[in-house]
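What follows is a pair of complexes built around chain A, which joins chain B in one and chain C in the other.
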Partner chain A sequence: MVDQKELINAVKETVSREDVRYIVGYEEGTYGFETAPSFAYTSDDARKFIFNPLCTKNLVVYPILEEKLPLKREEQEDDRKIGIVVKGCDSRALVQILQEKGLKRENLVLIGIPCTGVVNTKKIKDKFPNQTEYTDVKEEKNHYVFSIEESVQKIPKKELLADVCKECEYPNPVIFDILIGEETEVETEPTYIEVREFEEKSLSEKWEYWKKHFENCIRCYACREACPLCYCKTCMADFLDPQWIRRSVDLSENTAWNIMRAFHLAGRCVSCGECERACPAEIPLMKLNKVLEKEIRELYDYTAGLDPEEKTLFGTFNPDDPEEFIM
Partner chain B sequence: MSKTTQITELNSNPNVVLFLCRWCSGKGADLAGTSRLHYPTNVLPIMVNCSSRIDPQHVVEAFLEGADGVLITGCHFGDCHYKTGNYKTFRRMALLSRLLKQVGVNPKRFRITWISATEGAKFAKITTEMVEDLKKLPPYGKNGKGGDS
Partner chain C sequence: MKIGVYVCECGSNIADTVDTEEVADSVKLLPNVAVSRVYKYKCSDPGQELIRQDIEEFGLDKVVVAACSPSMHEPTFRAVLEDKGLNPYCLEMVNIREQCSWVHADKDKGTDKAVSLVKGAVMRSELMEPLDRKKVGVISKALVIGGGIAGIQAALDIANSGFQVTLVEKKSTIGGKMAQLDKTFPTLDCSQCILSPKMVDVGRHPNITLYANSEVKQVDGYIGNFKVKIKRNPRYVIEDKCTLCDDCVPVCPVIVHDEYNENLSPRKAIYIANPQAVPASYIINPDNCLGIEPLICSKCRDVCGPEAIDFDMREEIIEDEFGAIVVATGYETYPIENIGEYGYGTIQDVISGLEFERILAANGPTAGLVRRPSDGRIPQTVIFIHCAGSRDPAKNLSYCSKICCMYATKHALQYKHHVHSGLAVNFYIDIRTGGKDYEEFYKRAAEEENVIFIRGKVSEVLQDGDRILIKGVNTLTAETIEMHADMVVLATGIQPSEGTKEISNLLKLSRDMSGFVKEAHPKLKPVETSISGVYIAGTVSGPKDIPDVVSHAGRAAIRSINILAQKELEVEATIAKVNDVLCRGCGMCVDSCPYGAIELKAIDRYGYTFEIADVNAAVCKGCGTCAATCLNGAIDQLGYTDSQILSLIKALADE
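Entry: the complex of A and B
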């Protein structure tokens, strides 16, 4: 559990540095069990900052989403640093972006937080459907503690933990400038049980499963917008000439979009689960990402987002790659 | 779909989109032609400069537009005109095939192979094999009829 005061002090100290423009973190949301991103421009703004198991969002999208307005005459570009509060998976996403030279390390200040897993907000909402005000959640060993309407409720951690956090290998930030609290011990090693179980189904069962989900896709592209690694200036789905994917919402186009979205994250996805969380149609997108993650680990012994100096998966090759797939 | 309809709906005339690289597989296909070898007319050859030019999107696009199968050919390892192109193709396409398999596309519909300029006979053999394989499957349809159900 992260000490709130330590976080606020660290943010205050960092934001009052001259070379830091602002810091992105979490603050209390306005509805139910949601936290909202918070921007601290002065040390006064740092008061709002919190960190608890409700802080699900991946804030690494923000330095890339930032709009850069054209400069006025004789105006200098503001090249001060941007601070981000990062969990384990967020920091890996950032490493992947650094690897691809999407951002520069010297333009960032990272406040690392050892994570103990975040909750699945959809599951909480099912448990407490009538909760409209922001409610804090505390973590006590293997339980989450909710104080709702003056009564304290304890719920086992396993019931509410997000699926991606169950097999998390890197809860501690891979890169950081300031680390808050003590590092979490890593207990699990990914087994990819779900992927392996799904693999054993017949082809028609697999297609029926995905057909059911892809039919619901409304092509809002929320998965793309929420993903920290989908940061192309023009996405291939937005191209009109050549038009890679038609814009009509029907099953075959939806399937093409979802396959290509997953494939464009092959060897880059860090399993933060943002796409699945953002999806309004509740498509299990992580299932596709996990397939690729598992195959890449088995075939090429490669894990995304660990070393900023490493080369990307598709930028390299190895003459000894397994060839069983060739006809 | 019941089993009886499945059998009647087998594909007698499958379409295969065939990607050829200019330097090896394309010449191999030429050799098959000049040596008067027979290969099925179901293949639609598309020549690209290097097999690594083929984006996974092209493969998905081919299926979307009604292809029953996609065959990608390139130079043998170490023979690539651009030195390392086919290694990169291979990494990409191997992963794409795993992904397509997980979504329910029969792995027989998407294959990759290496054909050199002297292997006209191999070219004829492999295209025949692929088309024969696809004839045993139902057509891969557009607009929701896809999947090998």
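Entry: the complex of A and C
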């Protein structure tokens, strides 16, 4: 468990620095088991900051989506740093963005949190459907502890842990300026069991599976908005000329969108699971992402979001590449 | 808009498998098609004339020609459009020969496919736009990298045409591997005697600047305008002052192996590679010398009459600009110690081909007498093993090194000339004598001069007392062979040199599976590379013998002169174009561009500084890699825009 005081103190100290504009972290939400993003502009604001297994969101989306208003003549750009509270996966998304020059490292202060996995909030809601007040969750050994209406309930961790956290290789931030608490021990290496099982299926079985899911897609693009790496100024899905994807919500266009989204994250996705978490139609988007992650690891021995100095996978031109998979 | 469609029958080449009339009819009703015709040979003069007439009569602004591959006749029809004042990029060619009639047998299906392809082209042509070819200025100077026979020949050919050439050589002298050879096949003329006049020519040519002991460190820019940084390593001897008196050598206390003699003899820390060296000057190797930081010994400086020695010489970076570059970085011999069963490196009298070359040479370690390295005795039996490293895809080089059959035959013959009573035995897989007078040379060795050739593989070479035991098999009789020899010479294969690897990385040249630089076309563009304005000469693109190298280098020179002789160059118009508004400056295109044609440039937008991609039109080849890499479609390839390709796909999918 993360020491709440240590976190708040770190945020207070950081936000008081002259070269820091604000810090984005988590605070208690207004409903059930949802936490909300919290912005601290003063050290006073830091009091609200929390971290617990409900802090699922990848906050890296905020600095990159920040709108910059046109500068007036003689006006200087506010180049103070932005602070972000990051878990392992969040920090990897940030590394990927740094590689893609979307943000500059010198403009960021990273408060790293060694993560022990976050919960799947949908599963908690199924267990406590009537809970409307914000409810805290604590992690104790291999259990999550809920205090609801003066009774304490313990639920085994594996029942509620988010799928994407089960095979997490990088629970600790890969880059940070301040680390809160001790690093988490890494226990797992990815087995891609689910992907491998899926690959065993026949083509028609696979298509039936995805058809069922893609038919449910309402093209709300929540997956895109939640993804820290979907930050193109204008998404190709919104182009009118050429119109890659038509506006109509039907199986053909939905399939095109979902495949395009996955392909645009090939070699970039860091498995934070935000797309799947955001999807109201419960499409297993991480399954698509994981297939690509596995392929890329096998083909190029490449893992996204580890070293800010490394080149992006698609930005690699190697004259020695024998291109065995083409010829 | 008015589109003209022309379907070629190509005699029977297309018409046999495609109903050309049906194809022409199928697009007649498409919007904007003003005329659709069939003609027997569209590329013929009357065929071209028909298009000219139609442009005038119907006022066409787009032309679709369904015929052969655009690599054949696109220039022909573009010229037709230009004749009539249309932009040449308003032509669309549909390949219904190589990609349709030639690969199909069923006429109905072939026709269907041709109809789809032509419909797609018509749809695409509606969106085609006139494009302009940009022009860039040319710096009329050439850079030649590598001073072996290939580099020497290329430099001389360019210089003799009146252009300035800078020749950069890593070693202390030019001449390369050829300067190490004793004699050349099949004429047995002395290698140095035919090479040194060319070396001298390079040294004194008014149009050639020679930087020996130097390396190319950085190359930027593009065809006509390369910006190059050359590092001149210190020689510690002032070239102009050195009189080659040799007074410095006897006093030098440091003795090391002489690389020129393949380490078979000693040299001093101050030395000259060979008496014919160009530039004609001694050199100090700083790794060996005791006089350079700290100054422990200065004996050579003390005796040097003309005061040519300068221990304080420092490396120097020279920056210059060139219009064309010839890469002639050559080969190196295969490390035969990798072939464990041949015992090279453990058995002293097993030597490489190049070592034997030095032993044969009059200025070599044994003054031209054939003596074996272990005890200096004259060997009475010498075995020459062909394909040492070559043609062995499982463990060593997969390819044929081309020169070894001939030089091993030459070695055997030369040995017989030196030791008349000696026995020369060649073990070979095949004898490859593809070259003028090569077969005759082989016949002479085998039939007139008693060189023995055994078709077979040597499986093991062992030390046996002071002799060498060879085990192998005769593959013609299927008998195993065991025989003794006094010396074994391995006909060592050749591979790309370190310099070839370094320079091709620096210039981003594509290399093949073996590591040699890839030609732009293996047959028709043998000296061109993936980079415009960069040409290759000699063994940098694969094994070659001397006459091949010389003619190869000559063509590299001609192609360079083609560039240097022009005031300005027109560059291809189908290049990448960045949409400044969409570009988010991630730089993936910069990294993925094989030609280094894209840079990030800073722009000001609403008071903020952003970086966006900027394509250098002169360098861009229009390969489309960046357009495919760009995640939000901010790069389009002119002439092949996403919209054009999508409209083509829509037409194809419409069936």
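As a convention for this text, the second predicted complex is superposed on the first by the 315 of 327 C-alpha atoms of A that agree within 3 Å, B and C clash if a C-alpha of one lies under 4 Å from a C-alpha of the other, contacts with A are read in each partner's own complex, and residues count from 1 in each chain.
As a convention for this text, a residue touches a chain if its C-beta (ideal position, glycine included) is under 8 Å from a C-beta of that chain, and two chains touch if they have at least 3 such contacts.
Keep in mind that what you see is a predicted model, and the values were worked out from it rather than measured.
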Quick one: chain B and chain C on chain A, clash or fit? clash
May I ask you to decide whether A:D301 touches chain B, chain C, both, or neither, giving the answer as first, second, both or neither? neither
Classify the contacts of A:L292 with the two partner chains as first (chain B alone), second (chain C alone), both, or neither. first
Of chain B and chain C, which one touches more residues of chain A? B
Is A:E200 touching the first partner chain B, the second partner chain C, both, or neither of them? neither
Is A:F314 in contact with chain B, with chain C, with both, or with neither (first, second, both, neither)? both
Who does A:D241 touch here: chain B (first), chain C (second), both, or neither? second
Report for A:G102: first if it touches chain B alone, second if chain C alone, otherwise both or neither. second
Is A:E185 touching the first partner chain B, the second partner chain C, both, or neither of them? neither
Does the superposition put A:E150 against chain B (first), chain C (second), both, or neither? neither
Per the contact definition in the header, classify A:C232: touching chain B only (first), chain C only (second), both, or neither. second
Only one listed stretch of chain C (98-106, 314-322 or 548-556) runs into chain B, and it is 98-106
What residues on chain A does chain C touch that chain B touches too? 236, 244, 314, 317, 319
Could you please specify the touching residues of chain C with respect to chain A in the complex? 504-505, 508-511, 513, 581-582, 584-594, 600, 606-608, 611, 625, 629, 631-633, 642-643, 646
Footprint of chain A on chain B - complex, ascending: 56-57, 60-61, 64, 71, 77-78, 84, 87-88, 90-106, 111-114, 126, 129-130, 142-144, 146-149
Could you please specify the touching residues of chain A with respect to chain C in the complex? 68-72, 75, 77, 100-102, 231-236, 239, 241-242, 244, 264, 311-312, 314-317, 319-320, 322
Within their complex, state which residues of chain A touch chain B. 198-199, 203-211, 236, 244, 250-253, 255-256, 259-260, 262-263, 266-267, 288, 291-292, 295-296, 299-300, 313-314, 317-319, 321, 323, 325-327
